[in-house]
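Take a look at these structures.
Note that chain A is present in both complexes that follow, paired respectively with chain B and with chain C.
On to the complex of A and B.
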């Protein structure tokens, strides 16, 4: 900028040194992306942060500055605390389940030769299904009187279970549906990981005496899959943290089954407390950020091991 | 395809030249909730435009639910892009009126009503429905869709249990005793379902209190009025549904599915679902409806759901046109169209007469039930403090605990009272 303003006074355009020209060109190239980043992500985020410090409600004529009041309120808000607990429980169920079952299915499918394509498609189908529409199907499947699941349970001599009515079963049931939706995706990731393992490692293991399938798994497959597993674990936890649609359709937060995103939705879109809802969103984002940072660092380390 | 800019301009100019010869063409922007309601909003508007060629009705994209519509209105109030006419859910109306009135963005209808003559309101609009849109003695809207809870029952199961389908019990006690006889767990049949524990709004909760002569709020509307025998009676009744009536706590749409499959004897729901449930049942069994029970027929009431049409335009010419539209949609011809398609209660007193819905009711007696209880239609309460939705969600979970037997009715009522009072303060 300074160079440009001075140029006419000097009378001739001075040759800028190479580093300056490179710096200018670089800056110019970065500007469009920066503007987009500002407009689409950073500016809305700033608005969110500002709103989270106020008591703004849709349609209200005035707006009050609360400072950290909303965050203090969140800590003592029984609904939010419940939502937080439910979300953590949901993640605790879906994370190990999604990783272990995804790996198990991948190992089984990987061993198939002719039927592999069929199993891949079969397990991947739930991923492509719209969870909202499928939730309606689950609602019927799990119906205590009409649903086939309870039909099977009763035929096997078990008592009838009201899966989406009994409060203590709500979150576990949602977690099972979440797993059903997620396993196919994790399977594909693990399959990619499995395909990348060099065959000669298995040959070497065999020569060294690790011939059984369990030995082979423990000495070759599992260590080789470590980066994939880390990636799957992080994406699974992020997906689990964002659980919303099954809650919105199946329980509507009934009987204390609110999760984080549903609590945010209730505050913002049912109660119209935009300020408070923004504060909850900030808390949610902080969690997501923690996960993403963890992922970035872990993956970075693992890639060069 | 050979239209040029110039020919378009010429056409526009000539159209503009013709228009003043007619009366001024007025376009009204109208917003309603629930896209599926297009099935009656569209024909009603078409009929209106046929009769009033100089007024054009332009529907905005309908909002998915009352809550979404409410939000759209509050947002467009800020940007001054309100529709001219809106259909607001009764339970959200007080909050909307409060917000828009402060901003001078809603029209009071009393002047226009009075200009129609003293008899007009009396002959057309039932007083019980009229009062639903009156705040501070000013009329802000007119009921368009109205419904109060009714009983759906499986007449085959009732007969099998020794009951008389043509003489259905009129009290909760009678219904619970009948349900107990219907209940048949061995064959997967539940006696009844009163899905208050999972209902999206406080409708069934208030109905249970109101029918026994209790009130949700005191006369001034400043505090709850069910923290005594009225509330306790309701809580005990809820628990009896489960212990005696054979009710299972499932979600309300699961109940409806199960009822449609012939596996529940008695359910309580809105008449707006009547057409849907009739289709679900088909020929599987004999579906009948009955009025909501009234433990206290003298002082009892049931809350009214549905929506009122409100005028938001502040332009004098548009207000005149909007008033014509409001009169039409709440008139008997339009109400006939709406009722036949849904099962809603007609909001016009003349609509159920022989000239309009009489023959329809003759043929479909199930649809007549809501009318039989119209004189008991009361307001659907909203708590002071603007936290009505949040309050209900908290109350609902406690009601569920009482029904499951985790809390005694006394403990449950005490908890509900405390929670409600805390939240009414705006906490």
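On to the complex of A and C.
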């Protein structure tokens, strides 16, 4: 602040004053980001909204204005309704599983000392592994004749299960693979939350008579962990809602495994029904916003160090 | 440490054993796919087709499987593509996001509030949303099937701007003032003083960015038709589709090759990965 105050009084003002300098630097610094923001987020978003109201198809001679026609069509389209239902079912399976198992593993790993590194690696490995490659491995694991999972089932006297061809088993199978991919990630987030709980809270709880592990969990850990749990729940919902990779490898959206993103992909980039696909994307965006408004709110409170 | 916390040694022992039992069962579930992938990758075809549960391969068939995998698909080419794409995306993300984040954190200029609001809004928009219009624009300009097409939607990371802004805000203003008095311009202050102090956040973001784009399938699947440009996940998809049940050993060898780089990097830099996740918290 000294330069600002003294410079004019002393009479040598070769430098620009602070606000102008800041103004210039600030504007220059955000030019690339602002231009990209316009080009790859805002302008496409506007186009998407407009396209969703038309019947545009690649190669079509003319474009007609449909108003909300695409959305009405979606609501009565059995394929879209199945895709929506399957996606929500997938979220309903992965969300509680991902949160509860992630928390359970974190609680158990948190108490380990010498074996902690091993468990961290074991549980986190699926997060780093390329899901497409591992989906191919799962396909083999679950193969009705050649895979070890059915091998074990048969050895134990159960009938053979067609995990990736029986329509009613597809979403549960994909959900198990989704959980396998996700638990380690949630574990790490919960571990960070557990580490942040002050030790003296446990001591205080003990003085108040909450000495057993379950008492300590209910009186200290669970309430202290509430923000982390909310955050994990939101990220898990978003990840689950975006299920696509495993579908692309294992079933290619076959009967019983239609999901929202795969429907958008097929309509837009395989059948080139741009207008209809844009409308489905708008529906997808509405769900993302519902989840994410919440997440951005949480992030703002979380990231400060 | 009060003895009362562990009233009975046997109770403690039971808890210890119970925790390990649960964790080991879970760990087996997590690791089974990796183990079976490796075991199958070194097995002979006839042994795979009998579908036995025997974990130890009777004959060692690794050389045949791995060389067949490398011959059937340009797996190494996919990796090189992955490195080019992830590297290009990351460098531009950093060059674009760091100055913008610094301006949002430390400089006053017109439109700052609006830009920050747009950044927050952008956090809620995954690639699948602007995908259609960007695809149409790329097709219009004949840019499909190129590295550029795969990278361009990710040049701006609003998440990087958000994360770095939070980091830069904590930087002491006195140091910035002192540097200004010494005659340093904002550009020098940013790159020579502020950025070095924010290296942990930059490293965390870099890990997040590389993992996300190395593993991304959706966007490459849309803009890439020619195998020459395919990143590892898309390459794996081509490879898996061209395979039939008879050569699962080759497929597993291919999956091993595709999975290896990130898994190795993770094993070598586990602490950084964990830090990155806890700092960014986004997948």
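Rule of thumb we're sticking to: the second predicted complex is superposed on the first by the 257 of 305 C-alpha atoms of A that agree within 3 Å, B and C clash if a C-alpha of one lies under 4 Å from a C-alpha of the other, contacts with A are read in each partner's own complex, and residues count from 1 in each chain.
Assume contacts are C-beta pairs under 8 Å (C-beta built on N, C-alpha and C of every residue); 3 or more make two chains touch, one makes a residue touch a chain.
Since this is a predicted model, take the numbers as computed values, not measurements.
In the superposition on chain A, A:269 contacts both chain B and chain C. Contacts of A:129 after superposition: chain C is touched, whereas chain B is not reached. When the shared chain is aligned, chain B and chain C each come close enough to touch A:140.
Taking chain B and chain C in turn and counting the residues of chain A each one touches, the greater count comes from C.
By the touch criterion defined above, A:121 lies against chain C but remains apart from chain B after alignment on the C-alpha atoms of chain A. In the superposed model, A:41 makes contact with chain C only, not with chain B.
Judged by the touch definition given at the top, the superposed model places A:183 against chain C, while chain B stays out of reach.
In the superposition on chain A, A:90 contacts neither chain B nor chain C. In the superposed model, A:255 lies in contact with chain B only, and not with chain C. Shared interface residues of chain A (contacting chain B in one complex, chain C in the other): 139-140, 143, 145-146, 269.
Touching chain C in their complex are the following residues of chain A: 1-3, 18-19, 21-23, 25-30, 32-34, 36-37, 40-45, 47-48, 51, 101, 104-105, 108-109, 111-112, 115, 117-134, 136-141, 143, 145-148, 151-152, 155, 180, 183-185, 188-189, 191-192, 206, 211, 213, 231, 235, 238-239, 242, 244-245, 248-249, 261, 264-265, 268-269, 274, 277-278, 281, 284-285, 288-289, 292-293, 295-296, 299, 302-305.
Remark: chain C residues 2, 4-5, 15, 19-20, 22-23, 26-27, 29-34, 36-37, 40, 48-49, 51-53, 95-97, 99-100, 102-104, 107-112, 115, 118-120, 122-126, 128-137, 152-153, 155-156, 158, 161-163, 166-167, 170, 177, 180-181, 185-187, 190, 211, 214-215, 217-218, 221-222, 232-234, 236-237, 240, 245, 248, 251-252, 254-255, 258-259, 262-263, 265-267, 270, 273-274, 277-279, 281-283 touch chain A in the complex. Taken together, the chain B residues at the contact with chain A in this complex read 67-68, 71, 74-75, 77-78, 99, 102-103, 188, 190, 197-198, 200, 248-251, 253-254, 257-258, 261, 263, 387, 389-390, 393, 396-397, 400, 404. On chain A, the positions that touch chain B within their shared complex are 58-61, 139-140, 143-146, 162, 164-167, 250-256, 266, 269-272.
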